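Pasting the structures in now, so scroll down.
Two complexes, one shared chain (chain A), two partners (chain B, chain C).
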Partner chain A sequence: MIEDEIYRSSSQFRLWSFTEASLKQLRATTNSVASDRVRAALRRAQDARRSATSSTTGTPAPGSDAENKAAEDKQIECLTPEEEQQVVDYYSEQIIQLGENYKPPLPTIVRATAIQYLRRFYLTNSPMTYHPKQIMPCALFLATKTDNYYLSLRQFAEGVPGQTSADDIIAPEFLVMQSLRFTFDVRHPFRGLEGGIMELRAISQGQGQPAPHFQPSQTPEDLRRALLSLSPSSATASTMNDRISRAHHSTREILKAAAQITDAYFLYTPAQIWLSAFLLADRPLAEFYLDTKLGGPIISSSNHDQNPLYALRTKLLTTLANCSALLQAYKPFASDEARMKTLKRIVGKKLYHCQNPEKANIAGQKRIPAAAAAAAAAAAGESGTSESEMERLAKKRKLERGSETTKDLFGGELVTQRTKERQMEGDQQQ
Partner chain B sequence: MPPARDIMAHRGDDDEVCPVCKSSRYLNPDMRFLINPECYHKMCESCVDRIFSSGPANCPVAGCHKTLRKNRFRKQTFEDINVEREVDIRRRVMQILNRREEEFDSKRAYDDFLEQREEIIANLVHGTDVAKTESDLQRYAADNMRSIRANQALEAQEASSFREQQTHEQELARLRREAARLEYENERKEMLAGREDVLSRLAAGRPGDAAAIAREGHKVLLKKSSARRSEEDRIRQKQAALRNSDARKAGQGALTTADRADESGDSGLIKGLKKIKTPEPEKPYDPFGGLIPNKRDYYTLRDHYPNSYLDPIRQDTRMQAGGYDLQEYYSRTLMEAFAGLGCFIDEEVSKREVTSTMGISRPVATEGAALAAVSSAGAPEASS
Partner chain C sequence: MAVSPLVPHASSVAASSSNAGNKFENDSGTNSPNKTKRSSSPQRMKNPDREITEQLNDDVRHKYIKDKKLGEGTYAVVFLGHLRTDPSSFVAIKKIKVNAEYKDGLSMDAIREVKYLQELSHPNIIALHDVFSSKDQNLNLVLEYLPRGDLEMLIRDSNIHYGAADVKAWMGMLARGVWFCHENYILHRDIKPNNLLVAADGEVKLADFGLARSFADPYLNMTHQVITRWYRPPELLFGARQYSGAVDVWSMGMVFAELLLRVPFVAGNSDLDQISKICEAFGTPTEENWPGVTRLPNYIPADPNHIVPLQGRDFFLRQFPTAGPVGADLLMSMCTLDPRKRGTACQILQHGWWLAEPKPTKKQDLPRKVGGTKKMGDDLTRRGGELDDTSFKNAARQLDFGAARD
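Presenting the complex of A and B:
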């Protein structure tokens, strides 16, 4: 199918589509690498602190060093991939909330793009390394730019709650873009839904065109009759038009929340996502629509071995069922007290303790990259002593440099003065 | 010794008389004998004038009834008339069977062809199967007129380029000789001048300096000659390079013009010719590479879809003035509705990961960027 080929050329399919297993594995490696780094960084920070204290007191404790280290490893408890996932999900929801802060609220598609950016970012980065609180506004701001919804940075910063300056928002921008591998194109299911609804409306008015492979056998009138003879969905469906509108609305709601906060974008294509959401909203209608495209079960029973549509249909139905299950399983955090509680524990305590200190200040790192680690370590330790230590070192370095400059610029002379004089004497004797 | 050579040249004619008019060289010392390749009967120039001036006529030799034409008469080249005839036949056959080695599949095929040609020549010379051989030859000539023509042209071209090259080489040799002569003269002149200079200085200088002056003069001479020699070397190298490039150019010319033959390839008479591949006629250019631009597999696009939200736009001049086309919206939404419906990611991605070891989980492309960014903002974990 030519539409599928066109989708296969997109960066979303090439770079951001995963199987469930590979997605899980990718998250696991990201988590393990990040936790190793966090442990190492925390240990470095602690060492720096200890050396600072020991240099002031002058009494290091040599025997207890190894014990301390083992104890620290136990102390530093990192997030598991599942916990990380919860954190990211929570902040994805926060993006939707953040979008409401503006007047007018940010378009759904901007928020959806931002959520996908955030999720893609945390595939290769861990919340332990970069706190989602910093990344989230940046992702949203980036999405306003890529989705052509202009907001000035100042305007945008006003909407972000808390003490967030404009600089804080754009500080991680390059980092985010790099983690997105500079692929800003996100294929959403929203427009596809509009297309499907548009076509269903046309069918209901007897103007529907059958799919190309059913061109001669089906007429628009056939399609209309088939649509009208559908079993009424559940409640009092007055007219077909109302029914379609209702299905449209509820599908859209599913796409707005469930499709965003789950991994649907990584696991399925937009067309599959909107159709499975549509299946959840109005099953008979969605199945009818699929049958107009792929042929109903009547065709498949006849000679299903030769018919490529039959194979496609069976495979598609299982995929759509899986996707529907994924979408249906989604529950917002606000509705779930227990989840909210665990999340608070994760974000509030655990994430605070296992945050990588070397990456804490993204804005600062950007300016002075080399000194960043030292600065972070210094900031972590007792500031007074370490500062004096650094001053002392700097002075020492300066002194050394000063003594060097007093010597000859190109080093000492190769032939010393005395040998020169001896040569002179020899010449005179000759 | 011119007289002796003259005698040698005419010795064959001397004791002969014209078989037609019976006049001999004794009576007519300017007499020249001519032959006609039709029957190779010899007769004197005056007889040819007399008999054939008024048009074609029969050969006057008794028993020979061939019709001869005056313009075909020519001087005999070889003393033996049989050799003369064979050379003529050979020339004619070679002109028709003028296939070149490049046109054959293998060396073996070319050798077979050469043997076949010799056989035909021998047949014609010795009169075995003349009629059949002649007819074969004629048919071949008629069938392969174009390739024969082409090969003849090639041969002529080669001959002319060979001649050109030869004259060029001669010219170069002449220039070299000239240069050598000039150089020799210069050297001699300089030596004389140097010697005179030394003498005059000796005459003017003090007696103690004699040895020094002589040594100096010798040194100057040596220096000059060595300088000249290095100069010569340089010039010679340049010329050699020039000659080489000329030769290469000539060779290329010969190559590019070679290897052209008629379309039939199969000439009946000659076996083992290369098959000539005629290039397929070019198809009209297809900018989409076989793709039909507006073909869609899941849906058929309509001109208009009923939609209470979109329909006002169709009438809105403000929208239309900007060039907004609802058709674009229709095609895009329907395209996105089905793009990727048949892409089953769990299958296709796992297949992709198997085929390429650096699958999706290894963002290789950004590794460089990640490394560069380590110093500034830290890298994404999985990429390092």
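Presenting the complex of A and C:
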């Protein structure tokens, strides 16, 4: 059995791997379904407010009337799939920040898993339905559990800034798990990188193992000499060791950020991702490593067809080049003023107005939707929700709306976000 | 392995259990990305009040019907169930109880079990067909139905006679399952006879992944408090925090010995007692036979007046005559004190014993026992690492060496 077969049986491949086109289509579908439902929910909210105001004989609450009018007049403007992506990217970066709040900071692997959970979650959910601010801490806490980094919820909550309580964090857990389709395993590129680095170090010490298909013609000494003669000229084993360490470090940095906050995991395998990052970190070293497996460029054109490594190499290098380009194009929000400005407009203004009001209170809804669904299923079978069930749900919505004010839809802001915004404001004034 | 990219494990595993085969085919798209897209298309929106993921969950839930309760523990309830479309295709539905004491969301056991079973699809590992949530946010695992109990039941029942060929068949299935876990960088960490369940066709399946975890991350520490005591290797008893598949191989060796003896081979009544029993049986670990052992965190220096020399092949052959010389050699490699020298799951599978006479019994001809359904219920509701103490209360249990020798 080869490793490819094992990878193809993983949930990451079966459920969470896409082509660029299929990924785009899935996001477009999610966006359009969510937009329709947000519009419907906001209309219901307006209707309910109107009927509430008309039924109370007294004077309407000051201000609210005018607000309603304005909202009605304006067509509800929903986020586009691209804008949703910006929001998800931003909160993916926030997970990296949030991980720093702990002593010791949360392991890279836990943060990386959490980011992938968040990104997987938003393939079938829209930020308009569930605000990433609520989902993000939950995804991170879930990742501490699935990656064996045990923290109690109470300890975890202490690291989350703002007024986010333990209950707020855990409330969407089931929703998140359901959206992950109960697959918790994320295959990361980190382990592969460690293995590759170990191999290179062994080669530099003359202890490298040539690939089975190059034995016995290739010897560990051949490999060592080839490695030490890499450009730019390098001489001793110790300078080579430093070079490997530097490449190791830069690759890890790319894997920690760029690989996480792009679609790399959806489009490429862990091995492709680390090799692409390695190519960005030290191209000659990475190419040397590939050559130890693939036998270097094949120059004589006559036997291209016979040599399976030729086809494999060509195909692999194209894939790696595409993945490298994706990784290289990544720019963090903090270093991209224009992007940050756009984001502020999306989250601060637009998302505020197109947040689905019926989904705002996840904690409050915790047990109700499942129970309601079961009742509905029992009552209506396959044909959909029964009328009495619809009425009941409508009543529930009304009750919930009565108890919450529109201002609180978002809850408190996270401190990290506030700091970011303050920085931004500073930038704008300059 | 027969899993093609977009076919989920449900279909491939169902194919191995005799009559459920094509029943799952219709639903085989459930886990594939394609289905996600199909299901999320607007025309499939049956109920405007349900989110896409909730609907996917409903679809899965509606595939099954729960029947009677098979067993209940502190941690889970197991029901017999079947496919809605086919009442003869049985499944076991394990409903994880929401623990009122545990405020931190879904428990680690449940998370581990779901996480690893989702990744493992192999004839010798219990299949997880589906996962869904029911009302009140209970988690339900739809597992392969294994109606013939477990190996512990067969070992303990003096009315059941089995011999070396049967042991070889069972061990072969166990070794393949363990090898597959390790090949996927997953440690089971609770291998013991009552976690080895028997399917209708006689196939042995590794179950209960509540203590499983991934391994092979360099420098990462892991807990040493895993594996039920009698099956726990010496490195864990000495508190090793970095270990490998060798821990499962030791447990396999203990299962092997127990199958041959029909009693647990080293059954300590405390962790300390377990260490001394292991030393007594296999030899005292020293720097000579196990370099580095004295530096393990919970290492206990051996009494210099009572050093048991490392046991050789003769000992194993004397103690386990049923295994034959080649079998004794295999057992010895599984029970090697130094985990670095212990056989790996892959080496175990390449051992000469499998090819030596007698040939392993065909799975349909293996000794069987009725009434395994309740046992499955009990096995699936137990928490990981627990000893089923009641099983061995009657120490004067009759041994059946005669049967084991034929």
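Everything below uses one rule, namely that the second predicted complex is superposed on the first by the 335 of 430 C-alpha atoms of A that agree within 3 Å, B and C clash if a C-alpha of one lies under 4 Å from a C-alpha of the other, contacts with A are read in each partner's own complex, and residues count from 1 in each chain.
As a working rule, a contact is a pair of C-beta atoms (placed from the backbone, for glycine too) under 8 Å apart; a residue touches a chain by one contact, two chains touch by 3 or more.
Every value quoted in this text rests on a predicted model; they were computed, and no experiment measured them.
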(message) On the A-aligned overlay, A:17 touches which partner chain: chain B = first, chain C = second, or both, or neither?
(response) both
(message) I'd like to know which partner A:199 touches here: chain B for first, chain C for second, both or neither.
(response) first
(request) Using the superposition on chain A described above, determine whether A:328 touches chain B (first), chain C (second), both, or neither. (result) neither
(request) Classify the contacts of A:293 with the two partner chains as first (chain B alone), second (chain C alone), both, or neither. (result) first
(message) Quick check on the superposed pair: does A:218 touch chain B, chain C, both, or neither? Answer first, second, both or neither.
(response) neither
(request) Would you check which partner chain A:307 touches, where first means chain B only, second means chain C only, and both and neither mean what they say? (result) neither
(request) Look at A:141 in the shared chain and tell me whether it touches chain B only, chain C only, both, or neither; answer first, second, both or neither. (result) second
(message) So in the superposed three-chain picture, is A:250 touching just chain B, just chain C, both, or none of them (first/second/both/neither)?
(response) neither
(message) Between chain B and chain C, whom does A:108 touch in the aligned arrangement: first, second, both, or neither?
(response) neither
(message) Shared contact residues on chain A, chain B side and chain C side combined as an intersection?
(response) 1, 6, 8, 10, 13, 15, 17-18, 22, 25-26, 29-30, 33, 37, 123-125, 129, 174-175, 178-179, 181-182, 191, 194, 198, 366, 369-370
(request) Provide the residue numbers of chain C that touch chain A in the complex, in ascending order. (result) 1, 3-6, 8-9, 31-33, 36-37, 40-42, 45-54, 56-58, 62, 103-106, 108, 111, 114-116, 118-119, 121, 131, 133-137, 139, 183-184, 213-214, 216-218, 222
(message) Give the list of chain B residues in touch with chain A in this complex.
(response) 291, 295-302, 304-307, 330, 332-346, 348-350, 353, 359-361, 363, 365-366, 369-370, 373, 375-378, 380-384
(message) Show me the residue ranges of chain A that touch chain C in the complex, using the header's touch definition.
(response) 1, 5-6, 8-11, 13-18, 22, 25-26, 29-30, 32-33, 36-37, 40, 109, 123-125, 129, 141-142, 145-146, 148, 150, 152-153, 166, 170, 173-175, 177-179, 181-185, 191, 194, 198, 366-367, 369-374, 376-377, 382, 384-385, 390, 393
(message) Taking the touch rule as given, give the residues of chain A at its contact with chain B in the complex, in rising order.
(response) 1-4, 6-8, 10, 13, 15, 17-22, 25-26, 29-30, 33-34, 37, 123-126, 129, 172, 174-175, 178-179, 181-182, 187, 189, 191-196, 198-199, 201-202, 205, 207, 209-213, 215, 267-272, 274-275, 293, 312, 315-316, 319, 358-359, 362, 365-366, 369-370
